[in-house]
Amino acid sequence: MQFCGQHRKITTKYLLFLLSGQTVFSTFNNHTGKTEGMNEHHRENTIIRMFHVYKRYGAKNALVDISIDVRKNEMLLVTGPSGAGKSTLLKLLYLGEPVSEGQILIEGINLSRISNKRIPFLRRKFGIIFQDYKLIPTKTVFDNIAMVLEVTGESFRFIQKKVSSVLRTVGMEGKLNAFPPSLSGGEQQRVAVARAVVGDPKIILADEPTGSLDSESASIIMGLLKGFHDRGTTVIIATHDHEIIRKTKGRALYLKEGSIQSEDVKPTKKRPITI
Amino acid sequence: MKSGLIIFFIKRAIQDIFNNRFLHAVTITTIALSILIVSAFGLFLSNAGDIMDSWKKGIRIMAYLDKDVELKQIAELEQKILDLYGVADIRFISKAEALQQLKAEMNRQTSLFEDLKENPLPDVFEVQMMASTQNWEKIEVLAAQIERLPHVGGVEYGQHWLGRVIGIFNLFKFTGIVMACIFFMASVLIVANTIRLLFYSRQQELEIMRLVGATDGFIKAPFYIESVIQGILGGITGILVLFVIFWVITSNVEQDFSAGFFNLRFLPVGMFLGIIFGSMFAGWLGCYLSLKQFLKV
Amino acid sequence: MKSGLIIFFIKRAIQDIFNNRFLHAVTITTIALSILIVSAFGLFLSNAGDIMDSWKKGIRIMAYLDKDVELKQIAELEQKILDLYGVADIRFISKAEALQQLKAEMNRQTSLFEDLKENPLPDVFEVQMMASTQNWEKIEVLAAQIERLPHVGGVEYGQHWLGRVIGIFNLFKFTGIVMACIFFMASVLIVANTIRLLFYSRQQELEIMRLVGATDGFIKAPFYIESVIQGILGGITGILVLFVIFWVITSNVEQDFSAGFFNLRFLPVGMFLGIIFGSMFAGWLGCYLSLKQFLKV
Amino acid sequence: MQFCGQHRKITTKYLLFLLSGQTVFSTFNNHTGKTEGMNEHHRENTIIRMFHVYKRYGAKNALVDISIDVRKNEMLLVTGPSGAGKSTLLKLLYLGEPVSEGQILIEGINLSRISNKRIPFLRRKFGIIFQDYKLIPTKTVFDNIAMVLEVTGESFRFIQKKVSSVLRTVGMEGKLNAFPPSLSGGEQQRVAVARAVVGDPKIILADEPTGSLDSESASIIMGLLKGFHDRGTTVIIATHDHEIIRKTKGRALYLKEGSIQSEDVKPTKKRPITI
């Protein structure tokens, strides 16, 4: 309830921003070289837009001039060698770090103009699988996953049902009361996946979701993510696993030293390619 | 929903206090110790203040009259003394009365007075002062004024040690206030430290909570609840211990050497509530200071 | 190699104290406060004890003789009193001397004595007691013994308040010891807590160190060094603050109301060293208790 | 110096154990079905022996009846699905956990009889790459790696030279003063590898050493491990990466639900197969 109110307010704010933010858009248009009309159509379907985004850590350029659009219900693969900036790219989206330069819009909300109070509500749009899992070692598997629903104020009954069902999907129903340090690497990763999807997020950010998994478990997890994608969720996967890249339909972004080296679009079943 | 959330937080806070019971025990003990010392001092001061007041009430200026004063002049003098600022009451003691009193006091050497031809004592006015004339300087000023009046042969007032005792008492009072401030600050620091350490030990957890969309309020609330609980528990423990000590002392020692002399009371209710509130506030403030450092919102 | 390792550890410990300066500052402050309070009490007691001793030396039993005692009997009595256990010295004051003294004391009412036909005062023995006769009960026993001797008409000893003061002083002494114990324990707890928290916050690090082959000594040494440093710093700070307070008070207050009366001294060296050593030990013990819980070796 | 003394003492202890431990050996012999003579020869060349090792966590059997011999300078691959017990197997070797049943001998030292005081010296034989890296987040990359040499009391000069050279090998020389949380997943893994090899250990235990690495970085790391192997180090690698298993020469152990399912011996260049 609270969230919807929040959302409406933010949308209003975004409209105001659009009225004042023409320069940014024209820059973008020049870059993509598309007509204004197409862009208008686009904007409605676009859930994430990045305009000339830079991220610097001291002298180090982690990301250089990234401009991409992600449509609603798109499957985007981000790939590249170690240290290319894959995780950094995801981090910028959920405001794990601020951008150094450029603009990011998520559902029309400009991240550089968002107030601190609204950051939590922004983050609730995302389900994130962190590369290092980020499980709380002092809480049980159940509590780790339930946390996502607790912060939005769901009832205990609902939380219990939902967490159990999601754990079953990732094959971890037996480890409900285990603590993360007592799990194997792959089991931890599966818990991290369960936590990311339990809140039915609009966007799933998956950073190496199968790095610690054998091929069988990996394909279960990939199947899960594809299932969410089929039901309308936008999915962004950062990975260096050739297997995943080969098997997954969608757009692949190849990063190297912070820049986009190539965009490789593979045919999806239903949708025509728009970028 | 809202009240459900508060219950959820209080449950979390209590569970957390239990999980970190050693840390919390130390904090609460430290607060309790501070409170114990401050309130022991307060207790001492409040009782000593009572005694001091009764002593002060007992301070009288004795104005000795010249030998050959007539009744009319005495009446005039009485009026003059009463007119002085700070005088509450006045009582005339004739020399006959005075001798009677002296004889009664020196019962061991009564033979001394048996052979007196004539009463050698002077008439005297016993001057009582208003309660507002608290400090020693004012008493001295008043005595000097009385001494300057006609027909007054000399004045005597209080025992000199009372001046010293009042000085010491005021020093104690000052020390007490300084100590209360120090211990308040110490308690705040301790709570701040505890919260800071809890924060450190859960930094990872809180960071993760923030990443899954927890609001700052959701993250902060348990800390505030915990530190206020700490403050209250510390305060209550401190006062309880003080009460036990007080009870043991009064029931064993009082009859020995202060029966009927002092009448010891425990802390007045206002002070009691003040102390509890103070320790609660110390908890809150400690938490506030600690969290301010971490969350810049 | 060995001494190089110790320097390595001390460097680590100091760096770590600096890194966790807030935590350590609170710990050191708490220890300093405990030390301050305990040593303030010790200072008070050591000075009050001095005064008490001088007062005790001043306690005399006055034995009033019957009216018609002869010189020979007086000499006998003197011997008898001297033979009693606990008597240090004895002085005879004739009634003539006594009257002289009384006149001198009551200078305001000298006229009272002008017309005396006969000296109404009795002869008196002033009995001084040995220093070992410290407590009130012994004085009372001795006084009763003297009163039972022939030709003694009555005894008077001390002022009654002295008995009370001694009682209160002993109570204070006891309180002081209890407080010292409490604060020692508090300091130990605080250090234990600090170390425990440091341990928690570095658990991961220590676990990793253990996995790469660090011995227990290598892991523990910095903690011990840190906590002993904490103890010493806390102790020194506490005593330093006490000294400043003492200095301010003695240089401002002493001449006012205790000039020549008391002669305030700072803590005796033994006590000083004892306190520093105690706080050091508190640090060590706190660390020991804390580490014992974690490393079962 | 100290270490050698230690070592000698332990060896004496082992001899005493051998004299008294006949039953254990005979069990082992029955299992392998080899002659006594061959085993005697074996023992000299064997660095790790596990006899009927079980590991239980509560009701969970993490390892079931594991008996293997690892020769000096062998390359052993441990593989199997997520939760099979690969990490647990390694953990038992460096005494990260005690065995529930059975015996483990490392260079003749029986791990269940080792005193607490000697555990650190045992661990200095190993260089371990942990699955979750186990880097200290509050120490720089340099300090993290230097630690291994500090505990043995090396001089600062030596430490500095050695750490720099090892960081160069894993391609992390530029991140000497970075803190682990500011590194990418793959960079952290390379630091973990550097720490494992900096002490020139007798045995390297590598748990998913390339899980977060792209194929190029992965082959650098595998090359490094093979280099150590060539110089005489015993290397045990736990992995589910088919690539590594296919490309690496050595023995492969396939675990499933805690049991050895198959032992697949691939030809090595020099040595004949002895088990």
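Lettered A, B, C and D in written order, each chain numbered from 1.
Criterion: a residue touches a chain if its C-beta (ideal position, glycine included) is under 8 Å from a C-beta of that chain, and two chains touch if they have at least 3 such contacts.
Remember, it's a predicted structure, so these values are computed and weren't measured experimentally.
**Q** Go through the assembly and pull out the chains touching chain B as well as chain C.
**A** Touching chain B as well as chain C, we find no chain at all.
**Q** Centroid of chain A to centroid of chain D, CA atoms only: how many Å?
**A** 37
**Q** Taking the mean of the C-alpha atoms as each chain's centre, how many Å separate chain A from chain C?
**A** 70
**Q** Please compute the C-alpha centroid of chain A, do the same for chain B, then give the distance between them in whole Å.
**A** So the centroids are 64 Å from each other.
**Q** When you check chain A against every other chain, which residues touch at least two of them?
**A** none
**Q** Quick check on chain B: which residues sit in contact with 2+ other chains?
**A** In chain B, no residue touches two or more other chains.
**Q** Report the topology of the inter-chain touch graph, choosing from line, ring, star, complete and other.
**A** Shape = ring; chains linked end to end, path closes on itself.
**Q** Let me make sure I understand the interfaces: which chain pairs count as touching?
**A** Result of the pairwise touch check is A-B, A-D, B-C, C-D.
**Q** Quick check: in the complex, which residue numbers of chain B touch chain A?
**A** 1, 5, 8, 204-205, 207-216, 218, 297
**Q** In the complex formed with chain A, which residues of chain D make contact?
**A** Against chain A, chain D makes touches at 57, 80-83, 86-88, 131-132, 182, 184-187, 189-190, 207-208, 211-217, 240, 242.
**Q** So in the complex, the part of chain B that touches chain C is made up of which residues?
**A** 22-23, 26, 29-30, 33, 37, 108-109, 111-118, 120-121, 154, 163-164, 167-168, 171, 182-183, 186, 189-190, 192-193, 196-197, 200-201, 249, 253, 256-258
**Q** List the residues on chain A that touch chain B in their complex, please.
**A** On the chain A side, the touching residues are 94, 96, 116-117, 120-121, 123-124, 128, 130, 134-139, 147-148, 150-153, 195, 199.
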